[in-house]
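Letters A, B, C, D and E name the chains as they come in the text, with residue numbers starting at 1 for each one.
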Amino acid sequence: TVKTKISELKKDWIRLNVGGKYFMSTRSTLCKEESFLCRLCQNQEDLKIDTDEMGAYMIDRDPNYFHVILNYLRHGKLILETNLVEEGVLEEAEFYNIQPLIELIKERVRDRDKRQADSELGNSQN
Amino acid sequence: TVKTKISELKKDWIRLNVGGKYFMSTRSTLCKEESFLCRLCQNQEDLKIDTDEMGAYMIDRDPNYFHVILNYLRHGKLILETNLVEEGVLEEAEFYNIQPLIELIKERVRDRDKRQADSELGNSQN
Amino acid sequence: TVKTKISELKKDWIRLNVGGKYFMSTRSTLCKEESFLCRLCQNQEDLKIDTDEMGAYMIDRDPNYFHVILNYLRHGKLILETNLVEEGVLEEAEFYNIQPLIELIKERVRDRDKRQADSELGNSQN
Amino acid sequence: TVKTKISELKKDWIRLNVGGKYFMSTRSTLCKEESFLCRLCQNQEDLKIDTDEMGAYMIDRDPNYFHVILNYLRHGKLILETNLVEEGVLEEAEFYNIQPLIELIKERVRDRDKRQADSELGNSQN
Amino acid sequence: TVKTKISELKKDWIRLNVGGKYFMSTRSTLCKEESFLCRLCQNQEDLKIDTDEMGAYMIDRDPNYFHVILNYLRHGKLILETNLVEEGVLEEAEFYNIQPLIELIKERVRDRDKRQADSELGNSQN
C-alpha cells in the first residue's frame, strides 16, 4: 500500500539545523558527492555530530549560503542570487569539503575578477 | 451554514514542506497545469511522496525559488524579484515539469542574453 | 480598567495565512478600502474563506508581495523595496481588488516604462 | 547570585508582534527617545495596546522596516540596507513619532534627490 | 558509544536570541576572539545576560547583521551580502567588541570611500 511505502521512504529524510535554521533534504541528495554532509548521513563514528531536540543534526555554519550548497547537490549547478557573493559560498563549500563545487566556484571567481579587471582597464583608457 | 461550507472546502488545501520551509496552496492552484505538483495532489500511487509530522508533503528542493513557481500557477505570469536569477527558476520548473513555464523562462533567458550581447557589442564599438 | 479595554479591542485583530506565512492586521486597516480583504473581515457568507488550526484566514497567494498591499492600507502609500517588481504587486492588487492601488501601480509602471524608453533612445542617439 | 540578577533583569524585556513578526527589545532601548514605543513601555492608559497569546504587544505595522527603527534606538544611527527605500522608514518613523529620526530621514531624502537631479542634469548636458 | 559522545558534546552549543531571532553556535566559535560573545559563554558574573523561555541568551541587537559577525568568528573572513552596508556591521562589531573585525571593516570602508571619490573625480574631469 501507499502507507507502507511512505513509512519506508521516511527514513531517507534528514533534518539539519544550520546555525539555528532548519533545512530538510534526503540521504540521496546529501550523498551525491563525497563530503562532510555524506559522511554525516552515514553516521560515521568519527564525526560526532550533535542533534537537537527536533532530532536535527546541528552544524555551526551560516544558513544563508547553505541553500546554494544544497541546490548544487540537488541539480549539479551553481546558482547564486545576485545579493550573495562567491566568496561566501566558497567558505561553505570548503567547510563541507565538496571538491567539484570548490573548483566550480574558484573558476567563477577567476572569471569575475578577469571581467572586472578588463572593464577597469577599458575605463582608464577612455 | 458557513461552518459546513468551511469544513467542506478545507480538504482543498495542501501543505508543502519544500526543503524545510512550509507553503500552503490549494488543489486547484497546484493542478492549473499538468505537473509533478498536480500528480502529488491526486495521490498517484507511483509518486510515493513522504509527509512530515505536520502532514505536509515533503519535497527535496529549494524553497527560495518555489514561490515563483507557485505564483505562476496562481496567476499565469512569470514574475522574478531582481535578486533572483532565471536559471534558478528553470531548474525548479524542470523538476516540477511545468512545460509552459519552462518555455517562458527559456524565452526570457534568450532575450536577456541577446540584450547583454548587444550592449557589450555597443560598448566595444564606442 | 486597562484589561477590559484590551479584551474589547482584541476582537479587532485578524490573523491571515497568506500562502503559508502569517500576517496580523486589524479590521480597521483591512477595511480602509473596499476589497476582498474588507469583505473577508465582514464574514460575508458568499466568500467562504477557510481558516487553519491557528484560526487564521487562509489565502492562496504569495506572501512576499502581501506586505506592500497591507502597508498601502495602513498608510496609503505604495512603497516598493528595490528587489520587488511592480508587476508582482499589480497581480496581488488585482486579486484583492483594491481599485485605487491598481490605478497607482499602473501609473507607476507607465512612468517607469517611459523613463526606460527615453533612456534607451538617449543612448542610441549618442 | 546570578539567577536572582537574571530574574530581576527579565522584567526589562519587551516582546513586540509587529504585523505578525516577533521582535524583542528592552525597555531602555525603546525609551531612548520619546515615542509611541516608549509610551507603550510605560503602559500608559490612553494607549490601549493589545497583547497576543505570547504576551507580545501587537502593532499593526510593517515588520520589514521595523528593525531600522529599532536599530536607530539601539545605536543612534540610520542604517538602511540597499534594497530598502527611505520613504518606507519615514512612514514608520512618523507612525512611531520619533522626531530626531524623522528629521534625519527627511535630510537624507533631500540629499538623495539633489544627487539624482544633479546627475540627470549632468547627463542631459553631455 | 556514539550516544555518549553526542551528549558530552551537546554542552558546547549555545542558543542566542538576537532581537527576537534565534541563532545557534558553539562555545568554541564564540570564543575564537576576545569579545562580549566569549564572555557570555564563560558565564561571567558581571555580564548578567538574560535567558528566555527557550534557554537562549537574549541580546538586544539587530539579527540581520549578526550572521556576518558569527561567520567572521567561524571562518575569519568578512563576507557581506551586496544589500548590506559596512556601517551596519561596524555598529555590531563595536557592540560585541571584536577588535580585529572592527579594524577589518574600517579598512574596507576607507577602501570603498576612496574608490568612490576616485570614480567621482574621474567623472567630473570627463
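Observations, loosely collected:
Criterion: contacts are C-beta pairs under 8 Å (C-beta built on N, C-alpha and C of every residue); 3 or more make two chains touch, one makes a residue touch a chain.
Nothing here was measured: the structure is a model prediction, and the numbers come from that model.
The set of chains in contact with chain C as well as chain E comprises D. In this structure chain B contacts its sequence twin chain C using mostly different residue numbers, the overlap staying below half.
For the pair chain A and chain E, the CA-based superposition corresponds to a rotation of 70 degrees in steps of 5.
Remark: chain A and chain D have CA centroids separated by 35 Å (rounded to whole angstrom).
Separating the centre of chain D from that of chain E, both taken as means of CA atoms, is a distance of 22 Å.
Annotation for chain D: residues 82-83 touch two or more other chains.
Because contacts link each chain to exactly two others and close back on themselves, their graph is best described as a ring. Residue ranges of chain B in contact with chain A, taken from their complex: 17, 19-20, 43, 45, 48-52, 58, 60-64, 82-85, 87-88, 91, 95, 123.
In the complex of the two chains, the chain B residues touching chain C come out as 2, 5-6, 9-10, 12-13, 15-16, 22-26, 29, 67, 70-71, 74-75, 77, 79-83, 122.
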